[in-house]
Amino acid sequence: MTDDAYAALDGLGAAPLWRFYGNLFPAQPRSRAVPYRWSWRDLRPHLLHFSETLSLHEAERRVLMLVNPGLTDPPATVNTLYAGLQIILPGETAQAHRHTSNAFRFVLEGEGAHTTVNGEPVRMAPGDLLLTPGWHWHDHTHQGDAPMIWLDALDYPMVNALEAGFYEQYHQRLQPLTRTADLGSRLFLHGRLTPAWIEPAGPNSPVTRYPWAETARALDAIADDATGSEVDGIALEYTDPFTGGPVMPTIGCRIHRLRPGFDGAGRRHTASTIVNVVRGEGATIVDGVRLEWSEHDTFAIPGWATYRHVNASASQDAVLFSYSDEPVMRSLGLYRTEPGDPGA
Amino acid sequence: MTDDAYAALDGLGAAPLWRFYGNLFPAQPRSRAVPYRWSWRDLRPHLLHFSETLSLHEAERRVLMLVNPGLTDPPATVNTLYAGLQIILPGETAQAHRHTSNAFRFVLEGEGAHTTVNGEPVRMAPGDLLLTPGWHWHDHTHQGDAPMIWLDALDYPMVNALEAGFYEQYHQRLQPLTRTADLGSRLFLHGRLTPAWIEPAGPNSPVTRYPWAETARALDAIADDATGSEVDGIALEYTDPFTGGPVMPTIGCRIHRLRPGFDGAGRRHTASTIVNVVRGEGATIVDGVRLEWSEHDTFAIPGWATYRHVNASASQDAVLFSYSDEPVMRSLGLYRTEPGDPGA
Amino acid sequence: MTDDAYAALDGLGAAPLWRFYGNLFPAQPRSRAVPYRWSWRDLRPHLLHFSETLSLHEAERRVLMLVNPGLTDPPATVNTLYAGLQIILPGETAQAHRHTSNAFRFVLEGEGAHTTVNGEPVRMAPGDLLLTPGWHWHDHTHQGDAPMIWLDALDYPMVNALEAGFYEQYHQRLQPLTRTADLGSRLFLHGRLTPAWIEPAGPNSPVTRYPWAETARALDAIADDATGSEVDGIALEYTDPFTGGPVMPTIGCRIHRLRPGFDGAGRRHTASTIVNVVRGEGATIVDGVRLEWSEHDTFAIPGWATYRHVNASASQDAVLFSYSDEPVMRSLGLYRTEPGDPGA
Amino acid sequence: MTDDAYAALDGLGAAPLWRFYGNLFPAQPRSRAVPYRWSWRDLRPHLLHFSETLSLHEAERRVLMLVNPGLTDPPATVNTLYAGLQIILPGETAQAHRHTSNAFRFVLEGEGAHTTVNGEPVRMAPGDLLLTPGWHWHDHTHQGDAPMIWLDALDYPMVNALEAGFYEQYHQRLQPLTRTADLGSRLFLHGRLTPAWIEPAGPNSPVTRYPWAETARALDAIADDATGSEVDGIALEYTDPFTGGPVMPTIGCRIHRLRPGFDGAGRRHTASTIVNVVRGEGATIVDGVRLEWSEHDTFAIPGWATYRHVNASASQDAVLFSYSDEPVMRSLGLYRTEPGDPGA
């Protein structure tokens, strides 16, 4: 009789909450993502292989997605964010398109390419951070003489989960150049000075490129008297000149300097994080899993996973580039953090 | 040989973006949710049935979830939000707990119950909107003499998708009463006056209860000279007195008055919406599907679905209560809207 | 020889700071304004006298300025703000004009007049607060059958001190009525509900009139369980529905209920305050000066003067309406407050 | 009889508005300040003279105030702001104190001195901008080997007009050094990167020093493709890293590059502006008055005065440093601007 009752609900589009309760209201988040490290040394040869065997006309973008073993369908690197390794060869171009997903590139190897963003060619060199915020036209052109590889980052896992993804291809392969090179970067680069005649044009930073040269100077300018964070080291946030906030509403980017012998404190927060190793060697322990890393490796710290960073070198700095969905957690009132010991 | 290459990627946690492209970057959102209407007339008897056959000690909450046919696992009403019909009998109490999901109740039938929110008993009467923002302790007690039914709303589908869900049960069945009844409502209720000695305590409205009596007066106060929206009628947003913004960072609530014969214009936006019918009869056409509705029915308008409202009566107002994730879409820069014709 | 040096400076537009130091950098503010009370009983007959002897065509506005004895040239009531008593007779109209100074009226006596603000006629009754924000056209028309008197408030002392005052007379005596009566009030009046189709049109509240009826309900709704402020009693701020902030960027308005026998704590702050007595009898001690007040009296609390309120009645509430430049002090980072004893 | 009436008002603290109307509500602002230029060539010898004849123990600060001929009592440079030329000799120190007035220094000549701000020694070199925000302890020490001269800027005219000025002397001549040199500058200097472990500590920029080296790089980085403002040239605003807004709530600072032959468009706004010439020669026409300027001269542009800049050189850039109360005008809703022709 009661079973009939349950059966009847089905036809009415209803279901008994009391039979789902525990699944819908976990005591704390259990990320489907797992701690994982992607090896630059192992993946680079495959990138080169595909660059020889697959043309950019077949592949709109020639990218190896870094797929978290816990997030294979749809593929993602952490719950809300994606990372991929993109390679482009001298003479190649990549089709102009735009999407509501916010994206950026962080350059790992090579020089001579540029990304054109809403008509502005933006040069690319190792360590440079290039923004392609939501719905900005972008295409790539490589005029250098060696392959270029960069980290591609997008928030499509979150944008798709929120069912807010739009995509459009440009009617030609490349968009016309309507601004001179790097203008969006040069206008905002130095001395915390902001052009007084420019108004914000959207919810994202107007800086098209944060050059490594400036990032390196920022790290060098902070002497040993700067305590920094015992968890994240000398952690500097890339900011939007108009707001002082994150570069895009869904992604925050940071550069971290871990001093020689840095042995960080453990912590966890609801934000999901992806890290790329700029320089040095070390390990990050995440929920008991030890992720050994060296130059250009990428690794994932799932949300609410406890982690701590270790710089393996007693004489050299380690430098990490990280990005996360912390801005989302904060603007939705869902950010939470606490100290903890990841073990191992 | 190339196949080997693809095989090898697998073991390295990588995958070729070019084989996933279309799925990850749709031209526009296709919500998994479908337009759907839940019938109050059909579901009410089942609620009463379970109220007789299932105790609140077996069921922490006695709620029929309104499950969208497109969103059965995990169950949700629209992509980011949930609606359920909760029933409580005279003399019953519902266990105190808290969760990071933001929630509210919108009362449909009965009187005499109260929800205790962080120590404050909040009375419940038809048409009242009661907030239980994230991580606020809440339990229910019914001292009236007839069953009470209300609409339960939560953002758990989004909070869980963002892996930010926490839940805790109170160590006793009911929390102690530490504030007098309805204080959080009385302090902010009239004349847009705000207590000068109270500071905001979180990212949500401090109003514990928006009484129907005031909502009705607001609708009555707006004469026919107020144009309102040709899409949503006289649509009024429930606001946070401290910010003027939505009542909670993830959910916006509105009351709509559709004048006699109202035949709305068509529109779509990226926000997902759930509507409950307070009064009147009519239909809402959503992507070609005609949803006929009458008092206390609930219906779903998926994100980016084109819709328009029709009041079937030439002499009576129709009044709709709606809630959506528009605040999320706006704070993340993902809100988009355009006119359109839902057909049918 | 040194004297020659000083003399020479003069011709070069220079002066020695060291000869001015103390005057320019006082240890703490010494307001030029003094504590003062203006007697309704004494001033009302003069208002009536001028209403008989002076036409509104001679006097663009028939207003008695409440001039602080410390602020006679230019005349002001406190350092940044002004109060005046305006009278208008049945059948009279007052010339339409606008100024960048923010203004409001708080009605003391009579009914049947309305102020037209940017095309909207706004009715006036005792206890109503009407806004005429900067650069809004406004004129007055009295169609009642008895004289009307209200408190006129402006920030011209501050606007003129900042050299930002503009003024324009309308090309006709009265502006055309382009909106129906009280629309700007009715749209925002009840239940903290805000029309979703209306965008903010400026830095001020869109509410044209905060009716006394709602203010009274707000005071009544707050039971004795509401502690309120030990300094200012049950102090409620009139707010801008779009921001939750003050009604205008330069003036904050509050209503205060002092319970029977209220004997307030002493405090001072950098904001300058003007108070009008809505109901009751009592005294406010300001820097040792005891200001006895009763219905419709007005009094001044200079910035950084220590004050405390006393309700003389053991059985009746006293109700005060106050306005101050606290929003200015806060937005410029100049707000400071501390407890203190005004003595006497 | 009417005269008696007026007489009687006096004793009651009242006055007839209709006899003051025009003075209180001018059609548009008429600044008491006049366009004026202070000659570096003429004033520098006097500075040197007083540095020899007046000790820093007699003069708490050895500063020549630049007094606008229209603003002699109290002395000010424009309506709301002040500029002075301060000189300090090798081996001298200037008494530690603090005031609620916001201040900054802009260095004109010499090296080797530092200002200590809340325990941090901040080095000073030509073109450097040093902030001493309200209520920050500050003192000066000169360990170099030649006199140093800088522009002293304060908002005391406005703070005093608002009766919000507090002042305190430190109990010793110099405050202890509790932070290493220039930390507040080094932490925020490069690449728009902001330390993630630091929270805003007040309504002002945390940058203690904006070094000229970075300002020069900012100007150089902007190629001729940057249009800039036809009124103010390549005008860059010094910003608060935490907000993107002005460096202090009452003062906005800018650097301007006028290209060779720049012949600006005319404009006026309600903000009052003070300009110091960093480099080059030219003229600024203000309400028909032609102010010829060359290196280190200072000039005043009163509020609502129409002005335009001219670079007299056809081959060299001119560089101007300006500061104004525009942030005040904007936060109070009093900012207004329009094009115009200053004549001459």
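Note that the chains take the letters A, B, C and D in the order they are written out, and that residue 1 is the start of every chain.
Heads up, the rule we're going with is that a residue touches a chain if its C-beta (ideal position, glycine included) is under 8 Å from a C-beta of that chain, and two chains touch if they have at least 3 such contacts.
Computed from a predicted structure; not experimentally measured.
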* **Intersection of contact partners for subunit C and subunit D** => none
* Name the chain whose C-alpha centroid is most distant from the C-alpha centroid of subunit D. => B
* Rounded Å distance between subunit B and subunit D, as computed from the means of their C-alpha atoms -> 52
* Calculate how many whole Å lie between the centre of subunit A and the centre of subunit B, each centre taken as the average of the chain's C-alpha atoms. => 32
* Asked: Where the centres are mean C-alpha positions, what is the separation of subunit B from subunit C, in Å?
  -> 41
* Structure fact -> Within the complex, subunit B is touched by subunit A residues 2, 5, 8-9, 12-18, 20-21, 23-32, 36, 38-39, 42-43, 46, 49-50, 53-54, 58-69, 74-75, 79-80, 84-85, 99-102, 134, 156, 158-168, 202-204, 248-250, 270, 272, 302-304, 325, 328-329, 331-334, 336
* Asked: Quick one: in the complex, what on subunit C touches subunit B?
  -> 179-180, 183, 186-197, 205, 207, 210-211, 214-215, 217-218, 221-223, 225-229, 232, 234-244, 254-255
